[in-house]
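Have a look at the structure below before the remarks.
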């Protein structure tokens, strides 16, 4: 009976948290798929979302304010980052990686300066718990799950049925081809970055609410996103979702069943193995220079 | 021994399908390359005689580049054997082939954009040694300079590839290939985009090289500059051998004429 | 030695005559001389005070200490440049080699009682092996994918460390191993400086020779390298092994001085991976010299900032508290202004200032030869001198 309950806890927890991982990974993979660059500030964007919500709470703006802040500020930041720095460096993915890496350090260090290294609690979004077959889970997790999937669903509709969304798919497949049919890739890139920023912000809100907010919270997420995106395939939304569930389950299972000090190791090992054996992942394309 | 006799002997030698390693400096037997379901090269067999200039002709998509990529080691063939100087070299990586004496130019011109013409050629002359005192004192520059002058880039030694005109890029390709001191040179579509006088000038250079002992294989889909230059030709289409023989023979070959949209070949 | 190589060596040494060097190299030699004379300078009466003021410390001992630490970091940055600046395979986890070198050496020394010198050798060897383990995947994966592998490798190592913390000492690290040259500030300073000079000389010679041209050619177009009859796999792995070995050497010697100890915060910090990239990129990728200068700068800037007691008005924090943050912002700023690195900018500026403008700025990445070898810029002059000597010695004939 105990094992069943443990297994159930693991499965449900993994199922719910993976939705969030998927949201984060999708943003990351879109930027790579569309722009061909690795945005190493993606993790810091998550942190930004969490702290935006925290400050909104401090300023007395309540839950709605926190939600709004956690979405708007990172989205704005991402857009500015693209326009201000990345766009100029589009031909040099290496410089983009280095620049975004330094930007992430700036953000994290700014938080260290103003908030120190202690964890901060965010305004509680939802209280209470619910139970499935005897195992209890926080309502927050459930909300996280539902909201993430709603967003993923909306994104799916957006990408497949709206003009801009299809533009994103087009650019992600071929820059030249897309520009030949009149799609302006810089506009598409900007939209992609904003979307990715918004997703990261929401994820930051949830993660900060569920755990706590700290300056380094984005780092582990960034690494996790690498694994997910590589396994799922660069540029593939579907791949990110499936990859998120694979990695999510693997991670939760490892930390619960084997040892909690192995946190983060399993996704890393998977990442390296996939990179060596099948770099395109499940649904991705070969990275072509 | 005149070039004509060599060509005749070559034409008769390769009538029978069996290619043996000694049939020439380069011998290819049953070469086959498949990409997934697509058969790019279909059981191709031929041999290249020493010191001949062989033309490798075919319309676009005929499999010429694929054949040579297999031969030069860019990728291994799906099946078939390649012999170079009597030794089997199927699937040997490109840099090994270069060391053995087979060099090639690239149709798409891939020079190093970050350095001058002179240094591009100098790279070809470097040894495959990891740690070396070579180069600290600017060695090779004298020899590289000589090659640049040979290919007609003597006055452009210190320009970067970006500053070269189209013909200059081709000459640079030749210079880079020559820098490796090859015995067999594969020239990939050299005459595309060249004016009449430039075609002549390049042809003269290739003839000179042959007279000095080099074997040349010139790939092209366009007969224009090629026919006066070559001793013998191999025509392929859809990955397999269509015709073989002297320039006159293939010009008058009805199948070849048909492959080029039924009619004259000029 | 054959006659040929004897005279080439003589020629090479002749070229090292400081008086005949181009301006930027003169500056470098001067800087080196300054570093060598530093311990002497700080002990002089008046000059000593002045020099200590320049150093990022409140006392001369601490000053030497900080400079020594900076020298280790500069070595490490040079090792990064040797692979990433040259072949273009960007290593985002170079700290791996530093850590492997440091921990291996510490454990060999303390756990197995080997002398520090032998332990250092062991550290270097294992770090070189780590270089192979990164280099081999580098053959299969390209660009950002490779960078991901390099990013992830030290993270995996860190996880293993934490998991097996009973062996590796966990968060606290291991206790200090034996020192190579005792505890003296001056002797350790010279150890660091000597190693720095040796590493610099080795890498400089390597990258200015054909090997450097080949490595940059790999970055530019790998197919061209194969077409030139050179095995790109061999050179790529070589770059990683060399880079790993030197990084490991820096780490190994580091833990055997009072300046460093085998703890995760010093050897395995995530930040050091970023810092070494910043150092080499700011200084100028693909020049070795840039990495050395950038490394010294990056290592000492936080020390300088820490000395500043000024408190920023609105925010209410002192500069020293914000040092790392400011460092990151300054870096971002500099990256945007000098994408090619400060070194290249400085050289171009110097050329313009001294009126010797060859027309095009920017060094070719194998270190010092611009495409325009005509005219009177110092690089061209050096080249032509080489050519003359070479011609004179060998009568201008081939072979």
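A, B and C label the chains in the order they appear, each numbered from 1.
In this text, a contact is a pair of C-beta atoms (placed from the backbone, for glycine too) under 8 Å apart; a residue touches a chain by one contact, two chains touch by 3 or more.
Remember, it's a predicted structure, so these values are computed and weren't measured experimentally.
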item	value
From chain A, the most remote chain by mean C-alpha position	B
Innermost chain, taking as reference the mean of every protein Cα atom displayed	C
Pair of chains with maximal C-beta contact number	B-C
Centre distance in Å when chain A and chain C are each reduced to the mean of their C-alpha atoms	35
Euclidean distance of C-alpha centroids - chain A vs chain B, Å	51
Chain centre separation (chain B, chain C; CA means) in Å	44
Partner chain B, residues of chain C touching it in the complex	5, 8, 11-12, 205-206, 208-214, 216-217, 220-221, 223-232, 234-235, 238, 364-365, 369, 371-374, 383, 386-387, 389-391, 396, 398
Touching residues (chain side chain B, partner chain C) in the complex	93-96, 98-99, 103-104, 106, 110-116, 118-120, 122-124, 126-143, 146, 158-160, 176-177, 179-180
Complex contacts: residues of chain C adjacent to chain A	88, 90, 92, 137, 140-145, 147-149, 151-153, 155-156, 159-160, 162-163, 270-271, 274, 277-278, 281, 315, 317, 321-322, 324-325, 328-329, 331-332, 335-336, 339
Complex contact set, residues of chain A against chain C	32, 37-38, 85, 93-95, 97-99, 101-103, 105-106, 109-110, 112-114, 219, 223, 226, 230, 259, 261-265, 268-269, 271-272, 275-276, 279, 287, 289
